[in-house]
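Report on the following structure.
A, B, C and D are the chain letters, set down in written order, and residue numbers restart from 1 in every chain.
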């Protein structure tokens, strides 16, 4: 890529930003209406984002408590604190809560909602009311799911494999129906983002000047729109199977449980990218900001997001290598899975390349970036390892797989979530948190995370299957190590909760503490209700353009 | 000025207004194709019957999408969205069928043409003791008769 | 959507929501949103089509026999009815562009009547099946077809036609709103017909799905 | 060398030909992963240090990669990934294509046990006997939900689908006992659905097979006489295990600790049971034998008197064998012949 001529306008005036020089003279979105109603019925994308944050964090807490219960139970080979049935329900609920209620909405619905219009110079998303609707649909689905959990819960695992899910006596139907409803929320958000990206870009923001976060959200939205309906239908079919014996996958009548798995993974594999692509987007912003550099290979990173979204759809069969699927299909899906790895590798190399000749400031979000980088490389490459057809045979459904996807889900997505939380905290609330505590908790979390999941890789190697309530004694040492790590991790989260809450109230007022040149920082922090005061900002430069204005065009050097 | 361009182009495309005659023609063609597909369907062509029916259906579907839904006037994203969704449907079905066709034969559902196993249940026939899984009701009927 | 920036006094047009740059953009957004929504509908049915395709692939004989047990005449009539209703829906858009609100209403009423006709015919088909026992899965008690896979066919049949019928009902609701608006308010014109257009697009999708379901279920 | 690697990676003992292939690729892949992660990490660390910020509003150069760099970013991982895929798929094809001369064993998963049967006759519950150095094809099925047959030491795994067969094959390389685990969640006692593969030297296997085919217990005496391999108690309990399957005991009594129509056999021996009339009884040989012949005599509290008598259906040595089998299911001895395994208390 070559710098376009528009780069030549150094030090451009940014009108939307002027009003922020004297704080308090314009109402921010936070102070514009303080009644409960003004929050609950708002169509402001920023407020919706914040409401999402409240709920999503609540569900993260619920899922986290489930996770800790699981880890405590696994301290000893036999029963520890609960019976087998409870354990089976708890791991199912941990999966469902974390995936459907936390992971999928986490970054897109909180940060995407908050930032997408800001990054595109728009006043709101294209369909603000649909946006609010998606929040309430999400809550309705969550309500259904929670109601089902309180009424006995279900023990199928989050994968709901038939025929077990069709026959189990636990409350499958309400939870599945809840997940089905949440699907609508996901679709609405996705539609909204795609349309917003297509139609609401401010003059000057061409496709290849969009922040990479937007590219990532765009790719994520495509997956949400195209994949979610399939799982919606499938959840309905399984619910019908469970309630009325509809018989679509009924083995006795020629139905095929492997067909269920095909349809399930057609959604659930791309769903992994719904969870991780926004994380990639967040990290592209953060690495650029903190090394004060334009992204190395912008187009490559942008295209690879779309590439992952597309190829990610056609790799689903690698979840089924030993499920009775044909050898031929295993080969096809095996090759396609490798391509996803290549796209991810492109991103990783370009992030590292961004730091080259940059000016790194090692603050909390960047600390998470470091953790993220390691976890993504390791998690991603172990992903390639389990997609390597013959290696999957011993690893399939063991703790190796558990560790791998937690490396991606927790290692990449939660690191990105925390990084985003710290990076955009000043943007959202105009307050700053305590940097020292930020670094301490980041260190704790990264350490705790490694201590939790690296033993699980080894457990998987040793052959411990997942979803085991009791296990042979030889696995105990590693399980204890993993539980110890999890406690460290939990402790890190508690510290974050404390200092961020403190910062919310007593934090120092700031506007752009990172001196970032991302588009979203062109407006005040916290932004005014309609995002910009006065005329809309112009966008003469690409985002994260840190070239010295005195040297004119900037020194362009090829590597 | 990307923003203006995309939406402006769209608006420009949609400005054209055609006479109602065009809709009538499409409608008639759709009805004729329906009759054709019923006719060929009733011939019960052995191998390519379904294929032919699907080709005709695709032609009909294309006509509906292009003219009733005005896709012929749309450009850019709208077309892309529709096209991509069709591609994904085809790939979903294609990969799944590929699996059934190439699987270890005994792993396919028993009684199917790709399996060597006998079917567990092949429909209702009380005389042979097969009840189509409808045992409960048959039993109850039995009891009420007695 | 708050409508703070409505420009009064010009040609009667749709309200411009505050966050859009122009009406052009607003219409474009609405249309693109609708296409995306239709894409999700297509993929929703794709799941059922995949089930259909897989089982048809595995049990061709049962499929052929079972499809012959359906009433082709009723199916054909339903197809004609739905295609015609789609045609009237398209005409409604045509008239909306010309500002003939009465005709828009009439066309939609015709569409709705045909939709009801479609559902009634479907009801009689269902009733017949409940009577002879060509029912899904373990409820199947029809003795006429003794082939493995036959109960599965009726699972697919009922699942897909029921889902389609649900869409017919949703489509009818959407169109009913536009009908009322066309008669009562009558503000559709060349500048303001998005509501009619989107409603009718949804209806065409319902038709489109049936165009595929018909040969798949009745003509294998 | 590879033993050291196995220790380091916590890999279990390597006991099949497939395991050797898998482990080779395992080292390659995991080694590259570690080198790559470390490489990226070190490169990043170096750059974080080398290019640390010197002033708050520092400006930087505008650096973009040229085509060559991007090509390198794509091609290097691609070459590695495709190489892994090629090796992996070759091995997988090998794994899913059993040799023509392999011996067939039917495996059936059922909540929550594994049943093995050989075309020639003998059946087994939770213990699979196979000869070493001979390819064995497993035709795996399930009676209820999906299970997955996993032998870590052989590195093999295959799902058991209800109503149809999947296949997997292996060739064990050394005699021994290897644990079988279920890896597809299958309900309450998923984690207790354990079994084992006993790999015998070819000649031992022949003997075992002969013994099995002799079938009736009358022959057991002389069989014992010429087998010094297994202690008599274990030998008898093996017969008993066969009998509880063939006599239908397992229809009502589980061997995994779960309560069914009758009390579980697991840990029954020497347990103190509360009877319906409130008395306690210690389960010993006499009580077990009496329960088989006159089931209604002492009913354990919480169970119905539904068991048929086996008077006349079982001969003396047979009932003795069953008693011996139940004795072998004492909690501490659940996996008595297993090389390693859990010693857990069953849920009562």
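One rule holds in what follows: a residue touches a chain if its C-beta (ideal position, glycine included) is under 8 Å from a C-beta of that chain, and two chains touch if they have at least 3 such contacts.
Predicted, not measured: the structure shown is a model, and the values here were computed from it.
Enquirer: Which chain's mean C-alpha position is nearest the mean C-alpha position of the whole protein set?
Expert: A
Enquirer: Distance-wise, how many Å sit between the C-alpha centres of chain C and chain D, to the nearest whole number?
Expert: Measuring from centre to centre gives 52 Å for this pair.
Enquirer: Based only on mean CA positions, could you tell me how far chain A sits from chain C in angstrom?
Expert: Distance between chain centres: 35 Å.
Enquirer: In whole angstrom, how far does the Cα centroid of chain B sit from the Cα centroid of chain C?
Expert: Computed value for the inter-centroid distance: 14 Å.
Enquirer: Can you give the whole-Å distance between the Cα centres of chain B and chain D?
Expert: Chain centroid spacing, chain B to chain D, equals 44 Å.
Enquirer: Of all the residues in chain A, which ones touch at least 2 other chains?
Expert: 198-200, 226, 230, 247, 251-256, 258-259, 262-263, 324, 327
Enquirer: Among the residues of chain C, which ones contact at least 2 other chains?
Expert: Residue numbers touching two or more other chains: 21, 25, 28-29, 32, 36, 39, 43, 46-47, 50, 54, 58-59, 137-140, 148-149, 151.
Enquirer: Where in chain D do residues touch two or more of the other chains?
Expert: Within chain D, residues 96, 161, 163-164, 166 contact more than one other chain.
Enquirer: What is the complete set of touching chain pairs?
Expert: Here the touching pairs of chains are A-B, A-C, A-D, B-C, B-D.
Enquirer: If you look only at chain A, which of its residues touch chain C in the complex?
Expert: 43, 117, 122-130, 187, 190-192, 194-196, 198-200, 225-230, 232-234, 237, 240, 245-248, 250, 252-256, 259, 262-263, 530
Enquirer: So in the complex, which bits of chain C are touching chain B?
Expert: 21-22, 24-25, 27-29, 31-32, 35-36, 38-39, 42-43, 46-47, 49-50, 53-54, 56-61, 64, 72, 76, 79-80, 83-84, 86-87, 89-91, 94, 97-98, 133, 137-143, 145-151, 190, 197, 200-201, 204-205, 207-208, 211-212, 214-216, 218-220
Enquirer: Can you check the complex and tell me which residues of chain A touch chain D?
Expert: Chain A residues touching chain D: 1-3, 7, 77-79, 83-85, 88, 155-157, 161, 163-164, 167-168, 251-252, 257-258, 291-294, 296-298, 300, 321-324, 327, 330-331, 334-335, 338, 341-342, 345-346, 348-350, 352-353, 355-362, 370, 373-374, 377-378, 381-382, 384-385, 388-391, 393-394, 396-398, 458-459, 461-463, 465-474, 478, 515, 545-549, 551, 553-559.
Enquirer: In the complex of these two chains, what residues of chain B are touching chain C?
Expert: Those in contact with chain C are residues 3-4, 6-8, 10-11, 14, 17-18, 20, 23-24, 26-27, 30-31, 34, 37-38, 40-42, 44, 49-50, 53-54, 56-57, 60-61, 64-65, 67-70, 74, 77-78, 81-82, 84-86, 88-89, 92-93, 96-97, 100-101, 108-115, 119, 121-126, 131-134, 137-138.
Enquirer: Which stretch or stretches of chain B touch chain A in the complex?
Expert: It comes out as residues 1-4, 6-7, 77, 84-85, 88, 91-92, 95-96, 98-104, 107-112, 119-121, 133.
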